[in-house]
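Take a look at this one; I'll ask things after.
In order of appearance the chains are A, B and C, and numbering begins at 1 in each one.
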Amino acid sequence: MRISKIVPAGAGAAFVVLLAVLPLLSVSLPGILPGPTYTPGALQLLALCMVYASLALSYNLLLGTGGLLSFGHALYFGCGAYGLGILLERTDLSLWPAFGLTLLAAGVIAVVTGAVSLRVTGIPFAMVTLAFAQAGSVLVRRNPGGLTGGEEGLSLATEHVPDALVGVVHTRNLYWAALAVVVVAYLVVLWMDRSRVGHVAAAARENELRVRALGLQPYTAKLVVFVVGGLIASLSGVMYLLLQSGTVPRSVGADLTITVLVMVVLGGVGSRWGAIVGGVLYTLLNQRLTLLAGSDAVESLPAVLHVPLSEPMFILGALFVLVVLFVPGGIAGTAAKLTGRGGSRSGTTVLETADSERELEEARP
Amino acid sequence: MSTIVLLLATGLGLGALYFLVASGLSLIYGLMHVLNFAHGAFLTLGALLGYAAALRLDATSWPGFIASILVGALVGAGVATLTELLLIRPLYERHIEQVLVTVGLSLASVALFEGIWGTDPTFIRGPAWLDETTGILGARVPNDRFVIIGVAALVLLAIVVFLRRTRYGMIIRAGVENRAMVTALGIDVRRSFTLVFAIGGAAAGLGGVLAAHYFGYVSPSLGGSLLIFAFIVTVIGGLGSLTGAAVASVLVALLQQFANYYAGGTGDFVIVLALAGVLLVRPSGLMGKAA
Amino acid sequence: MSGQVLVVDHLAVSVAGQQVVEDVSFTVPATGITAVLGRNGVGKTSTLKGVLGLYQRTGEVTLAGERIDALPTHKVVQRGIGYVPEDREVFARLTVSENLALAERQGSATRERREMVDRLFPDLVQRRDQMAGTLSGGQQQMVALARVLLNDNLLLLVDEPTKGLAPLIVEQVIEALRLASATVPILLVEQNLDVVRRLAGDAVVIAGGRVVHTGSASDLLSDELLTQRLLGVHAESGEVRP
């Protein structure tokens, strides 16, 4: 390993260690965290940030590496949350076997839906993945056989879950588990990006026909990326269930996919740490804006200001539009520009190449 | 027999609504390669403001009903035009970012509607005749179905005449085939972008008013739920094909109704299965350009 | 200035961020036919598309004294450029008459021109209401040529008009181009050297994204060694091979 690789890896490891000891410290970040870092409230929020950060990482694998604009990614998150929830409630399996079975099921669903969706590319792919996720969402809301709890959602059956992961007093353990999930997600995504499959998928994003001409299988590579992304998403879903002691239909729906898309675009498409920052930032913003919406200060404003400000999704949606229009590389792209490091691909380039492969082919007789 | 007639009428009514949304989506995608997530918001705003106009005049009167339809169409066209000019045009040719902008717009606008009108559905009233039924072969078919089907058929006819008989229609048809070549003939194709957005928005706004009567209520989430089925319709019909959108709207809605009735409420799954089946056999959809 | 209708100076063209034409400079005289030659894939088509603005370009392009390199495609064309693309690119689902009507630019197409086009391509008059997609390759080429001849242009860009056509049709195309060149200069990309020899006065040879030779077409094609070196063919054999 060269120095240039060791330094960031070392900094990353140090940061993870810092996060790991956070529950033992008393750090206050007023306005961001609801209390000092050892309190359950703060740890719960930080752990939720990590759940979304790992989900965003998995989505960035699809969009950033594979150039796959999926509108159905929440399906796999929901598979994780509902899969584990149902297994724990309906069977006598303990946590680990149920967890393994959940990932297996999510993997199978990802393979089947991915194999069909990848028959088309670009925008049609987005629509097809959306349709699959919608089917999942409808299924969950319909509450077949009382399995999913319908609109009410499903709460975590705790009999087979180790005590150390249950209850407010153990929030600290859940926090560490969420940290482990995000680290695993990061390492898997990193490994995918550097693997042969990742390279083929990325090359296919740039120029599919050329990859085929080299005798490689872009379809298989994209499917692998899709399935691995789905597995990480379901891992995040599992963590979500444990952390929130339950799950609601929203965790399968198009809304969640769009939320993740917003996180990744905010952070900067194609950047792993951008996805993490996007996931964390979005979660914190959403939390703070919801508090702001209910505050007296906002209530007392005239309706013209009070109505939009009391809707967090309005502010986040508008922010998203502004980022897409005026900050094309997101946070990571802007940071790269400011520090003058042109090495990493900017979000715009990634999005452009995801889209314009066909035109390039025309240009080359 | 009467059940089948009722299911057919209800299915055709729902298909008509799908078509009003899908026609615009398909034209916009065909010409501009933009997947418009904000289309549901155009529909919702059309429905909300359309009903507000009806209330002004007396919602149970025919003038009120007609005013709501006109207002819905105008609002849809207006907001769609603004969307194209302010959000889509600056991102010319950056298709994925154009999709992202419509996603953001749809998030923000639905939240804004919730802030203004509340999240709960408002149950609406219309002219009494709409709520009555007409007997066909023993089935009692609600009258609003006929109005919805009739209006959608008129919209289809109007769009076809526009596409066949006018110069702008010709430009749009040519642009769907090969946009670069249209500009290479000296034609500013961007004007027709605004136009298809306006047409699609008008159809969606109109669809919103009719959907409110079909379902019996308006709510900020009205557009979102129809939009997803409209997406499925446009993919099955073939992106960019108006005929495909019309045929697929009817097929999908009928399939959904019959599966819901005869196969225990599985309509939505049957449709997704149909989508998967169509994609496996014909990835470009029933009437799409060969891939 | 009067001698040249088009001046291309340091033109670079890129598609999806990849450069396909590096640095091309040449001029097109105000009369006659100028051929653009080169092996397959050197960027002849991309050069034309760069001039039109269909692909992203940098550099200077001047049409009859006016800079057009910052204009969008439709404005470039409105300044007076007619484009006959490779593979014709007629609108398959529009009728022949719709294809032609779409091409007519305001204040540029006149009745005389319409009549001239009808005389030149009587086949198309009969097939007015037929979908252009159902025409033969030769008939589609007639539509593509008619589209530019309907307008009053300063310059025509014609890309491989004889590609894939039967010898008899090739003769018709040559005739149409010869007739057109009496009133408007033409920049012609053509692989068939026999066609070039019969039509072109000047030739520009592109290789590796740059212009490597300019001069009289007949001088070039009569110099066996030079043709061989630049185009990889014997001038006698006619067709350029990759």
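Operating definition for what follows: a contact is a pair of C-beta atoms (placed from the backbone, for glycine too) under 8 Å apart; a residue touches a chain by one contact, two chains touch by 3 or more.
Everything quoted here is computed from the prediction, not taken from an experiment.
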Legend entry - Per Cα centroids, the chain farthest from chain B: C
Legend entry - Innermost chain, where centres are averages of C-alpha coordinates: B
Legend entry - For chain B paired with chain C, centre-to-centre distance based on mean C-alpha positions, whole Å: 43
Inset, instruction - Return the distance between the CA-based centres of chain A and chain C, expressed in whole Å. - result: 51
Legend entry - Centroid distance [mean C-alpha coordinates] between chain B and chain A, Å: 31
Inset, instruction - Spell out, as numbers or ranges, the residues of chain A touching 2 or more other chains. - result: 352
Inset, instruction - State the interface residues of chain B toward chain A in the complex, per the touch definition above. - result: 29, 33, 35, 87, 90-91, 94-97, 99-101, 103-112, 114-116, 224, 228, 231-232, 234-235, 239, 265, 268-269, 271-272, 275-276, 279-280, 283
Inset, instruction - Please name which positions on chain A make contact with chain B in the complex. - result: 69, 116-117, 119-120, 122-124, 126-128, 130-132, 134-135, 138-139, 142, 254, 258, 261-262, 265, 307-308, 310-318, 320-321, 324-325, 328, 348, 351-352, 354-355
Legend entry - chain B residues within the chain C interface of the complex: 167, 170-171, 173-174, 177-178, 180-189
Inset, instruction - Note which residues of chain C are touching chain B in the complex, please. - result: 52, 54, 72-74, 77-78, 83, 85, 89, 91-94, 98, 101-103, 105, 147, 151
